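Next up: some structures, all given as structure tokens.
Two complexes are shown next, each including chain A; its partner changes from chain B in the first to chain C in the second.
Take a look at the complex of A and B:
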């Protein structure tokens, strides 16, 4: 484990998402934590009910996180994957197992403030047992040069009667090239809520997110909400999949994307499929500009169209 | 270690491929790919891991009955680093009969599996490492012939098509694609390929398993 102080600019990027940085630093704040500085583990702190283990490998780490059976963890588990170098490769292989009857919130932050040719990859597996309440919040900051290539892939299995909430936020800084693949398998009576927010701000920004929920158990329910904006040449593709494979399951995909400035592109691909005759799956998507009435109302208060649009985007990306 | 490999490999063993070769562009084909708009190279049923797992099981273990498959698709995840002596998790995932039936009907509809004598079996070839090695000598032989021809004609091609081949390589992708199309047409005329309008070949390649095992060897 490294003794070097944790880079301040990474901590600052956490603060920009209104998150208390103390909770991420070992020896401070509450909750279990795992800090990664490029490819070195710079902090690891366990608490009662949470087992954390990490191993450094070439270009990254492998990590296990186990929430012990019946544990209700009040303070979030903090994971920080930071790189303050301009370039390099960071690869993370986390495996999270939340045993039956557990409650926990994981707060992950991926920060690459100086990225200019930096590659971050993740291949994660989440296994959530029965009767759990599991929340996974992930925030990203990729600097201001559109210089990161970020490609996380996660497979998540959600047990019977469990509630899983996934919140992904990439709205600060310039994202660079982002390719996210998330597959969630929902078992009997489970409830899935997946919220994705992203903002591409320039010609070097391309955000492509595939968020899939496979309803594999009777009465499983899900809602995928994808909200994004592309500005000044940015590109966003939101690919929301919901499959109704089980009796009486119910899923919905919702996508809202705003396109601003010339050369920007927004695309949405809601794919919904039903192979069980008692399943229900639906989708809705809207792309383009905000309704004129909303803009008129703000412009009547003295704002320009651009200022009004900025306010509406901020509100859209903050909305739950 | 072997247990870890099995758990991980269970869902990462195979890459599925499908290729459709067409004889002429038709109005309902995508403009960009020149292929039917409704038939992607990897069919959507393979996006679901449970269905992939069924195919992998049938490819690895041979024909299986419904009850046997139900047993095969359940699993209990294990940690990557934490040893059994330190802590052993008890999370289990089990699919119901009705959901498995839905998946099997879906795979049957897309002709990826078939039911025979009350057992399910896959309908396409699986290239394991031995088969891939045996095929390799022919693949190399075919490629070497092509290399010789490319070398022989390089200057002539460049002189004739310099205006569309400014970077000296973009033309070759077009040439190779068009050559494969032509090759299929000529092979059919020679009666060396089946006389089907479209030849659709789906196969699974045992590639990821090998890559994953190499990764485990390097990192554990």
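Take a look at the complex of A and C:
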């Protein structure tokens, strides 16, 4: 494990998401934590009910995070994957297991403040047992040069009667090239809520997100909400996929995208499929600009059109 | 005059129809001035044109504010000069907190929270309950209207246009709104009140009657209201509700004469 202090730049970028960094600097805060500085583990703390193991490999780490059966973890588990170098490859192979009857919130922070040719990849497996409440909050900051390539892939199994909530936020800085693939398999009576927010701010920003939910268990329910804005040449493509494969399951996909400035592109592709006659799957997509009336209302308070649009984007990306 | 409209004509966005034509009136600084008229007479459209909304461009005539010709200015510039509008049905922008919303138009950004608290108190909303709430569907229509009013108060504009502030509100709430108008006036703001209700308009000092897209009269409010009733043929209503004996603005003879003139004009 590295003894070097954790880079200030990374901590500052996380603070910009209104996250109290004192909770996850090694030796501080109550929660379990795993901190990665490029490809070196620089902090690893377990608490009662949480097993955290990490092993450094070439270009990254393999990590196991296990929430022990029956544990209700009050303080969030922090995972911080930071790189303050300009370039290089960081690969994360996490395996996250929440055993039956557990409750936990995981906060993952991926911060690459100087990225310019940096590659971050993740290949994650999540197993959420029965009767669990599992929340995964993920915030990203990829610097200001559109210089990162970020490609996380996750497979998730959500057990019976469990609630899984995923909140992904990439709204600060310039994203660079982002390709996210998330497959969620929802079992009987489980509830899936996924909120994805992204903002492409320039010609070097290309965000492609595919969130898929497979409602495999009876009465499983899901809501995927994807919100994005593309500005000044940025590109956002969102696939929201839901399959209703079981009796009385219910899924909904919602994509809302705002496109601003010439050369920007927003595309939303809700893809829904129902193979059980008692299942319900729906989608809703809107692309374009904000309603003129909203702009008028804010401009009547003295804001320019650009300022009003920025406020509305900020508001849209803050919505639940 | 704080605001003057001289022969203002506003067409529809596609320019195929006229919404209001040759509108001519002035609003005195420090007054409450009501624009009254039936539904469809062009009251709200005229307010939008004064605000400078892009879909309500003036095709003829001039608008002056504080003596300055603002006809060709955009909505942002007009707002910066001190004109604003409290909307009839303000939008709900989930993700914006009340505090953030109120702060948008504040000129002094140094003590935002104190200003927001003051504005919320003026519209009789508890700052503790509302300041961190979001502008979303959880707010009732009345609450949203009060927050809109608070946002305009926080701007400290010279002229605030209130577009149908009474719509969708019950009588108790309306009474409260009338008190709020008087509080706003004490803050050195001039109010241009858009309404089709006589009880709301009675707080006004002056009024302008819009009828089928034209300004018929600008005068002290009771006189304007009387003309409105005469145009609408509401003589009994007029006598019963507006000009009762113990609160008479006009003698019965005068009311009869105005109605007679209107009748003759029509024939």
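Quick note on the criterion: the second predicted complex is superposed on the first by the 320 of 320 C-alpha atoms of A that agree within 3 Å, B and C clash if a C-alpha of one lies under 4 Å from a C-alpha of the other, contacts with A are read in each partner's own complex, and residues count from 1 in each chain.
In the analysis below, a contact is a pair of C-beta atoms (placed from the backbone, for glycine too) under 8 Å apart; a residue touches a chain by one contact, two chains touch by 3 or more.
Note that the structure is predicted; figures quoted are calculated from it, not measured.
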item	value
Superposition on chain A - do chain B and chain C clash or fit	fit
Touched partner set for A:224, first chain B, second chain C, both or neither	neither
Residue contacts on chain A - larger count, chain B or chain C	B
Which superposed partner A:184 touches (first chain B, second chain C, both, neither)	neither
Included angle at chain A between vectors to chain C and chain B, based on C-alpha centres and rounded to the nearest 10 degrees	130
Chain B versus chain C as contact partner of A:294, first or second or both or neither	second
Which superposed partner A:58 touches (first chain B, second chain C, both, neither)	first
Touched partner set for A:305, first chain B, second chain C, both or neither	second
Touched partner set for A:318, first chain B, second chain C, both or neither	second
Which of chain B and chain C A:276 touches, first, second, both or neither	first
Gap in Å between nearest CA atoms once chain C and chain B share a frame through chain A	34
Touching both chain C and chain B, counted on chain A across the two superposed complexes	none
Parts of chain A lying in touch with chain C, wherever the complex brings them together	291-294, 296-305, 311-312, 314-320
Chain A to chain B touching residues, read off their complex	51, 53-55, 57-58, 62-64, 66, 68-69, 93, 95, 97-100, 125, 127-129, 155, 157, 159, 183, 185, 187-188, 212, 214, 216-218, 241, 243, 245-247, 271, 273, 275-276
Footprint of chain A on chain C - complex, ascending	51, 53-55, 74-76, 79-80, 84-85, 87, 90-91, 93-96, 100, 104-105, 151-152, 155
Contact set on chain B toward chain A in their complex	11, 44, 47-50, 77, 79-82, 86-87, 89-91, 93, 95-96, 98-99, 102-103, 105-106, 218-219
